[in-house]
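Lettered A, B and C in written order, each chain numbered from 1.
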Amino acid sequence: MATTMTTETPANGGAAAETVPLSGLRRPVSKWIWLGVIFAALLPLIGGQTGLISNFYFLQLSLMIVYSIAVLGLNLLIGFNGQISLGHGAFFAVGAYVTAILIDRYEMHYLATLPLAMFVCFVIGYLFGRPALRLEGHYLALATFALAIAVPQFLKYRHFEPFTHGVQGINIFKPDPPFGMPLSPDQWLYLVVLACAIVMFIIARNIVQSRMGRAMMAIRDQPLAADTMGINSARTKSITFGISALYVGLAGALHAIIFEFVSPDSFRFELSIAILVGAVIGGIATLSGAVIGGFFVQFIEKYADAVTKWVTSTVHLPIHLEPWTIYGIVLIVLMYTMPMGIAGGLASLWRKIRPPG
Amino acid sequence: MEQLLQQVASGLANGAIYALLALALVMIFVSTNHINFAQGEMAMFSAFVCWQLLNWGYPFWVALPATMLFSFIIGVLIERIILRPLHTAPLLSVVVVFIGLLAIFHSLAGAIWTHTVKPFPSPFPNFTFAGSGIIGPHQIGMIVVAVGMLALLFCFFRFTPLGLAMRAAALNATSARLVGINVDWMLALGWGLAATVGSVAGVLVAPVVYLEPNMMAGILLYGFAGALVGGISSPGGAVAGGFIVGVLENMVAYLGNMLERATGFYLIGNGEKLTVALIIVITVLTLKPSGLFGRVTVKRV
Amino acid sequence: MSNILEVKNLKAYYGPSQALHGISFSLAKGGITTLLGANGAGKTTTLRAICGMVRAEGTVTIDGEPVTGKATESVVRLGVGHVPEGRGTFTELSVEENLRVAAYTRRDKAAAARDLEMVFTYFPRLKERMDQQAGTLSGGEQQMLAISRALMLGPRLMLLDEPSFGLAPLIVQEIFRIMRRINEEAKVSMLLVEQNAALALDLADHAYVLETGRVVMSGTSADVKSDEQIRKSYLGY
C-alpha cells in the first residue's frame, strides 16, 4: 500500500531510493486507499447510528486525523525538502489561536476561520523561513528550538490579552451539525476533519509530484548544486516552510475547535517534539507515514500513560516510569534500525518481498 | 542607581550560568559539529543527583565532585555508545537522537524524583557584607565558581598535553590521527567535560530557580543565545557571550520597568525574557551567524 | 628483516570504486623509495592505505608487523610519520603547539626533547617562528613544519605525499636536501610520492611507477632515469 500511494524518496543517506520519475508520471492512487477513505467517511453512519462507535471514539479519530495533517506538514518540510524544524508547535498554536480568537471575539463561522488560520500561518512560516535560508541544518534546528521554547511565554504577553485572555485561555464551543443532520457534534466534526485531511493529502501529493516537488527534493539531496540547476532555492525553501506551517496551522485550528479550548500552556515545547516524533516514527519522506505519525501523536497524548504503567508493573521497576522515557528510547533505537520510520521500513520490506516485474 | 547596579550584578551572576552552558555547547559543537539539545536536561538531571546526595547527608564538598564525576562518566558513555555509531548519519537522525536524550533525561528526572518543586540549598555561606544591597552571596558564588571553572578549563586546554591533544582532535581529526592521537577517545572526553561543566551550571542555578524537571529549558535557551552571540565556534567567545546575554537580559527588563514607571506603559518586563532570548537568537543567526568572535566556514560544492 | 615496509597485493577502495588493484612493493631499511605516476594513478591512495585511512585489503607489514585493518593512530604509533597531501598542519595552533602535539604519544620525553633540537638544526626558520600561528606561515615553512611534525613522532618510516607541491623551486631544493640529511643522519626510511619525477628520482634509490592502481614498472632510480621510453610514457620528460 505504501509504495503505490505516493512517490516516496528517502531522506539523505537513507536506504536504496525509489527515484521520482522525471517525466512527471502520476501514479494512480491505489484502490485500497479509495476504499479506506469511503469506509472512513461512512463510519458515522455505520457506527454512530448503531451506537457501535461512541462519540468518544469519534473524538479520538478526529484528533488522530488532525495530528496527521500536522505531521504531513512537517513531513513536507523535513522529509521532502530536507530542512529541519523543532518548533512547528508554534504554528499549531498560531492556527489554534487565530481560529479561537475569530470565533470568540468576532463570532466568525468556524469553517471560515480555517482559510484565515492557514493564510496567517503561511505568511508567518514564509517570513520565518526567509532569514532561516542561509542557515545550515543545525542553526535552523537551533532557531526553531528557540521558537518552541519561547511560544508559551510569548502567548502570555500582556498586550495580547484582550484577544487571548492571557493564561485563562479562550473557550469556544463545538458547532452543531448544519441542516439539522442526525449526527452528534463529534461525528460532524469527524467528517469535517476527514474532509480537510483528504483535501490536504491530495494537495500534498500534487505538490510532491509537481515541478515544485522535484525542486524541493533536489534542494534536499544536493543543496549546493540545486541553484545551478535553475532552481530558485531561496524561494522554494521559504515557500515550503510556509506551506508546512500552513498545514500545521490548519491542524491547530481544527484541534481548537474539537477541543473547545486554547491556552498558552497547551502549546509547550513537548508539542513540537510530539509532532516530530510522529513524523519520524511514521516515516519522514512519505505521505502515508503522516497517517501513522498522526496515530502516534494521539497515542502519545492519550494512551502512553497507560502503557507505561503496565510496563512499570510488569517489569517491577522501583520508579514510576514516564512515557517520554520510552519515547526517547524508541526514537534513538529507530534512528539506528529504521531511520526511514515505519512507513519507510514497510516500504523496503515490501520492495524485498514483492514479486519482480 | 542602586537598582541598576543590582540588575547588572544579577545579570553577571545569571551570565555566569549562561557562560558555563554556552561553553559546554561550544565544546561539543567544535569537536563534533553537533549541537547538544539535551544539554539543559542533562544539567538538570545532574542537579537532581547532587540534591539526592545532599539529601542522603553528604556535605557539599563531597556531593558536588561526585556529581561532576557522575556527569563526566555519563557524558563519555553517551558519546561512545549512542553517538559514535551515528558518526556518518544524516543530520536529522542525530538531531532526533539528541531530542530522544532530552526526553529521556527530562522524564527520568520526573520519574525518579517527581515533579514537585524542591528547594536547593546554596553551598555559599549566607553572610551580609558591604555590598549586600547590590549583590547576594550566592550570586557572588555563582560568578566566582563559574569564572574559576572557566579558568581551570582554559589552563587545561592551553597548557596540558591532553588538552592540546583534544584541541588538535577537534580542529583536524585526520591530522590528529596522523600524530597518533586516538580521536575517538578525545571526543568522548570532550563530551565528558562538557557534561561536567553543564552539571556545575545546574547545581549553581538550582538554588535560584528551585529544583524541578522544567527548570533548565529557558536557561538553556539563554545559553544558546550566549553561545551564538559570542560565536559558536569560539570557546572564549561563548563565555563572553554568556555574560553579555545575562546582563542584556536584565537591562532589557530594567529599561522596560523604567519605561513603565515613567509613562505607565508596559512594553517589556520579566515576563518576556524568553521572547527576548528568542529575538537575540534570531537576530544573531540572521545578521551574523558566526557571532562576535567565531569563524565563518566556507562550504565547498 | 631488512625491509621496513612490505606491501603485498594491496587493494584499496573509495566506497564502491576500487582505486588500487593489487600492488606490491617493498622498502629496505634506511632506503628511499619513490612512487611515481600521473594524477589519479593511486599514489596518494597507497600512502593512505598503509595508514589505514581508506578501506583496504592485502598485506602491509611495518618491520615485519602486519598493519592492514589497524586504525590510523595505531599504525602511526608503530613509528610511521605520514606527511599528507596538503601538509595537514593544525593551522589554528602555533608552530610550537604543532610540534608539541606530535610528541604527545611519545613515552620517552627526553628523546622527544632531543628530537625537537634536531628539528631546529634542520629547519632553523621554524625556531624563529615558534609562537606564530601555523596558518600564517608561508607554503615552504608549512611544509617544513609538516615534515618536522612527522619527525617529532620519532618515526622509523616517513611517508611523504607530494612535498614539492605548490612550492618555489629553491625552497623545494632546500627541502629535498634536508630530506636526504634526515634519511642519512637520523636513519629514517622514506616512501616518497611525487609528481615531480626528476626530483624524486634524484633523491630515491628505488622507484615504482603506478598507473590506474597498478605497478607498471619498477627498478632502481638509475635504471628508471636512463630508460627514455619509461620517462616519456609515464613520467613526462
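The criterion applied here is as follows: a contact is a pair of C-beta atoms (placed from the backbone, for glycine too) under 8 Å apart; a residue touches a chain by one contact, two chains touch by 3 or more.
All values reported here derive from a predicted model rather than from experimental measurement.
Asks: By the touch rule set out at the top, what is the minimum number of steps from chain A to chain C?
Replies: The fewest touching-chain steps linking chain A to chain C number 2.
Asks: Can you tell me which chain lies farthest from chain B, using the average of the Cα atoms as each chain's centre?
Replies: Taking each chain's C-alpha mean as its centre, the farthest from chain B is C.
Asks: Which one of the chains is closest to the middle, using the mean of its C-alpha atoms?
Replies: Centre-most chain by C-alpha means: B.
Asks: Distance from the CA centroid of chain A to that of chain C, rounded to the nearest Å?
Replies: 56
Asks: So, what's the distance in Å between the C-alpha centres of chain C and chain B?
Replies: The answer is 43 Å.
Asks: Using mean CA coordinates as chain centres, what's the gap between chain A and chain B in Å?
Replies: Chain A and chain B have C-alpha centres separated by 32 Å.
Asks: Could you list the positions in chain C whose residues touch two or more of the other chains?
Replies: Nothing qualifies.
Asks: List, in ascending order, every residue of chain B touching at least 2 other chains.
Replies: none
Asks: Residue numbers of chain C touching chain B in their complex, please.
Replies: 51, 53, 71-73, 76-77, 82, 84, 88-93, 97, 100-105, 149, 152-153
Asks: Which residues of chain B touch chain C in the complex?
Replies: 161, 164-165, 167-168, 171-172, 174-183
Asks: Inside the complex, what are the residues of chain B that reach chain A?
Replies: By the definition above, chain B touches chain A via 33-35, 37, 82, 85-86, 88-97, 99-104, 106-108, 110-112, 217-218, 220-221, 224-225, 228, 266, 271-275, 277-278, 281-282, 285-286, 289, 299, 301.
Asks: Taking the touch rule as given, give the residues of chain A at its contact with chain B in the complex, in rising order.
Replies: It comes out as residues 11-14, 78, 84, 86, 131-132, 134-139, 141-143, 145-147, 149-150, 153-154, 156-159, 224-225, 269, 273, 276-277, 280, 284, 319-325, 327-332, 334-336, 339.
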